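Below are two complexes that have chain A in common, paired first with chain B and then with chain C.
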Partner chain A sequence: MLAKLAQRIGGRELTLLAAVVAAAVVFASLSPVFLHPNNVYAIIRNSTELMLIGLGLTFVLAIGGIDVSVGMILGIAAIAIGNLLLAGVDPWLAALAGPLVGLALGAFSGTVIVLGRIPAIVATIGLLGVYRTTIFALLGGSWLSGLPSSLSEIFAARIAGVIPTSYIVIVVAYAAAFVVLRRTPFGLHLLAVGNAEERARLSGVAVRKVRIAAYMVSGALCGIAATFYIANYRNVEMTVGSTVALDAIAAVVLGGTSILGGKASLLGTALGVLLIRMLQNGFTIVGLPSLWQPVVTGVLLLLALTLERAAVAGLFRRLGGLVAARRTA
Partner chain B sequence: MTDVPFLKARSIGKQFGAVTALAGVDVDIRRGEVLALLGDNGAGKSTFVKVLAGAHRPTSGTLEIEGAPVELASPQDAAAAGIATIYQELALSENLSVAENVYLGRESVRRILGVPILKRAEMRRRVDELLAELDAHIPDPDLPVGGLSGGQRQAVAICRALNLDARLVIMDEPTAALAVAETRKVLSLVRNLAGRGCAVVLVSHNIADVFEVANRMVVFRRGAKIAERRRDETTPEEIVAFITGAHPSLRSLEHLG
Partner chain C sequence: MMAATTSTTAKLVLLLVLFAGILASFALYEPRFLQPSLASTVLQFASMLALVALGQTLIVLAGGAGIDLSVGGMVSLSAILTMMAMSAGVPEAVFPLVPVVIGALLGAVNGVLVTKIRILPLIATLGTLFVFGGLAMALTGGASLSGVPQWLVPFGRGNLGGVPWHVLVLVVPAYLAVAGMLTFTPWGRWFYAMGHNERAARLVGIDVDRIRFLAYVLSGALSGLAALVSLAWFGSGRPNIGQNLELESLAAVLLGGVAIFGGAGGVLGVLVAVLMIVTLKTGLQFINVSAVWQVGIVGALLLLVLLVDLIPIRRRS
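So, the complex of A and B:
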């Protein structure tokens, strides 16, 4: 019975769960602050955006794609929401602007990648540059700050003292993603495309539409993440989203979604996000400067990839594509 | 009107840039008949098959299905016209289950609040039936295809074609990677398909297999159709001579090449 449950959940997910528990035990023994409700709330709240962006990237990685510009999509959507709030727009309407802007940017990225026939890693590095400059231009060199607290009141309120209300949306998003991935033709098509595009095409899957749709899902989820970003922090700084892609890709790969495509784990992504944010929080509490956070994440990413040797080969192929593209440029 | 061929290809040509892969190919494909396409590597038979499958658009020529002109711009168009293709590499997704592969691209769904939800139980039941009909020795339609043998994968691909209610089934080297016993099984299945009134196009290098199941043979060489024979009017030796270019009727052509 227990073995059957374990099989359903999956080995990778159980390993991650064990790692989360182990990390909690270690940090709790090192610092009494770690398990204080306020710190637990901080960890969960700081996971908010990554939960959604990781979810979107799970779809993108499932098709064998990648998007390193997710943090910039979050940033642009956050600026849009912030400006709408400053203009006195109803907070619910402003909140809705996040996913709409994200959806539009995701559609743009997906179209560039698919119709431009550009390897996703190269295309999204290019888009990262474009979007980052867009953020600089939109912010005009200063912070977007002094935002009203209306979204915070809606989404950053606490449930049971430690869980922000935004998690209602996150739970719904994961449940919907589960249904889409495991119970709809689109989910099957995503996994078939991730396994082998040409075979999927020969089987009658509309490969280009499916690929663009994956980037749209990811964009929309970045946009929802932006809404919660504004609710949590009530400002947008110039460097918004700069570490998001690394954190999100690490979380998704750690969760057992294949960097090669064709395999996705939603529970794994959620646990991966939680583990990364816990480690970042825990290391900060025990005195490691936050400057080192990307090192922790980077090491985790490399560790996850080493666990999946075939996946490493795939990443090298993509980097090889990047090098080849540079050579011909 | 049974004497109208299921599919008529006329003057089919295909260019890839400056390379002529096919030129002026005329072929009729009839219901209840196994038509074998033969030829050396690069002779054009695979390109011709991909034209029929909607995977390549011909550069010139016309296709008619039951007397009506058609354009097969995509594999979906071909499927809609009743043409199912079983590729050599089988075009299966290893990460999906047997049932998912059989239904991929034309899933059965019910709509809940407008969202198409897979009818998993129904798909599983239908695939179970098909597998039993084929005596395919695949115990569970929920198994991932990645773990199946070559013959089992072939059976999954054939199930897919049957499930499409295909009127023309194209099989590309179906026995190439199979053991003897599995080859027997696949060949008997090819005959069964034709017996059901299906038109079958078989691409093969194996002359013995072809002479066992095919009613008619078409030989390709250098992108052109160079010979067409009924099985009862030819011999394996003659067909091999056509394939290799050694046939006396080809001498003048070979000098031009």
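So, the complex of A and C:
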């Protein structure tokens, strides 16, 4: 029964789920505050942006790419939304600007990486610098603050006391991503490109278009995340998005999406995001200063990759043993 | 294999033209920029980047998608741990060695992750960037640690005929040593061979993993030297001193003509590129352009140099 369930949702996801439950039990026993509805709401709310950015990065990692500038795309889109709100634009229209700006920036990043034939990590480090300066320039050295609460009223309201309304959009986004990845030619092409780019090209996949499209999906999702960022915080500070890339990459990798491409797990990404935000919240509650957060996340990322490599190596050894046993028999 | 890109010499010439162009435009905009102390200022600010970029050069040269994103984290953490070791009672006499040893150990962590556990360099060093940089901030709460021995400060601020001591004593010998190693020793041949074609290098018996591990250790040790320069210069350990060094060192290495996929390039170009980047930053500061523009301009430079690479490829195919 359990084995069947594991097959259905995947061993990695079950392991993660167990880790989430275990972490919750540990923190709950250390602090009575942890399971208070307000804190549960805080964890879920703080996961909002990362859920969407992680989802987008899942597409990018699936093609064997990476993007360390996602936090900056979120920042630029947030500034656009904020300025539109300040100018008195209808909140629904302002919310729409987020994904549009994100889509445009994603298209730009994708074009530079793919047509420029630059390794994604190098290109997005360069773009990270360019986008960060853009944020500084757009903000002009001060915070964007005192934004109207119109978006908060729409997206930060609570369902059942612990879930923000923004999660309606997030669930729809994950469902749509699932359909796209598993039921459309684009999804098939995406994974094919990640698995073996040359073979995909030879079988007639428009590799370059698919790769650029992955960055566009990611950009658009960063833009939607920016809408929720504004709804949650109602200001944009200079350092916006500076830790987002590490958190998102760690979440996606924890979730079982391969950094080499060709493999994507949406449920894994969602659980990875939840685990990371829960650990950050829990460690803060038990008294670890928030400066430790990048250390914890970084260690978690390296640990996940190490265990993954160890598991793969173990599998190969076992296979090798089987082959050797057959030969001697 | 990718088609050969612009030759190293052509790139160096291009770089020098760009450098001259930058100097000329600043001089035209503000003639006072070209004062005699300019060279001294640039060298003072270039020292740390030059050391870090040298390590980055070795790692990129050795191929295998080699990249060290953690250099800034290693510089910050080496500086902080050195100051903590001092307050824990390590004798002052060995002070200059401490950051180098710590840096080499941090580099060895990267080396193990990449060559033993076989995690992709970009993701392994991205992880350690946040672990090392985060530790430097977390251990200090973001505050500087003072207590650098007084006798070290002249080394960080003084100069001989306008050339800072740390450039004479650390940067010049380090570049000469690496240039010599790359040009005249078998090790150098191995670096280029494995960067050019790793499979072939393995087949002829080059111990690729050992050399790559060494490259990460060297990058760490050089980051430690950069930390030493910062300690002697500022008289204190700053937990964010290494910020943006991953971007700047990559920009210097690629501007300097090292092929991003490894196997081609040399240290002379990298040194010129370091001087150019620092001159550009100094010039921007001189004409009162806010420091926040620097990271964007360096980022744009990094992208441009890689896009320029495309032109000859297109013409050939």
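Note that in this section the second predicted complex is superposed on the first by the 307 of 329 C-alpha atoms of A that agree within 3 Å, B and C clash if a C-alpha of one lies under 4 Å from a C-alpha of the other, contacts with A are read in each partner's own complex, and residues count from 1 in each chain.
As a convention for this text, a residue touches a chain if its C-beta (ideal position, glycine included) is under 8 Å from a C-beta of that chain, and two chains touch if they have at least 3 such contacts.
Everything numeric in this text was worked out from a predicted model, so none of it was measured.
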Touched partner set for A:263, first chain B, second chain C, both or neither: first
Partner chain(s) touched by A:249 [first = chain B, second = chain C, both, neither]: second
Partner chain(s) touched by A:191 [first = chain B, second = chain C, both, neither]: first
First, second, both or neither for A:118, with chain B first and chain C second: second
Superposed model, chain A: greater residue contact from chain B or chain C: C
Chain A residues touching chain B - in the complex, by the definition given at the top: 179, 183-186, 188-189, 191-192, 194-196, 198-206, 262-263
Chain A-touching residues of chain C, taken from the complex the two chains share: 65, 67, 69, 113, 117-120, 122-124, 126-131, 133-135, 137-138, 141-142, 244, 246-247, 250-251, 254, 260, 290, 292-293, 295-300, 302-303, 306-307, 310, 313
Residues of chain A that touch chain C when the two form their complex: 66, 68, 112, 116-119, 121-123, 125-134, 136-137, 141, 246, 249-250, 253, 259-260, 289, 291-295, 297-299, 301-302, 305-306, 309-310
Of all residues in chain B, those that touch chain A in their complex: 53, 55, 75-76, 79, 85, 87, 89-96, 100-101, 104-107, 109, 115-118, 120, 160
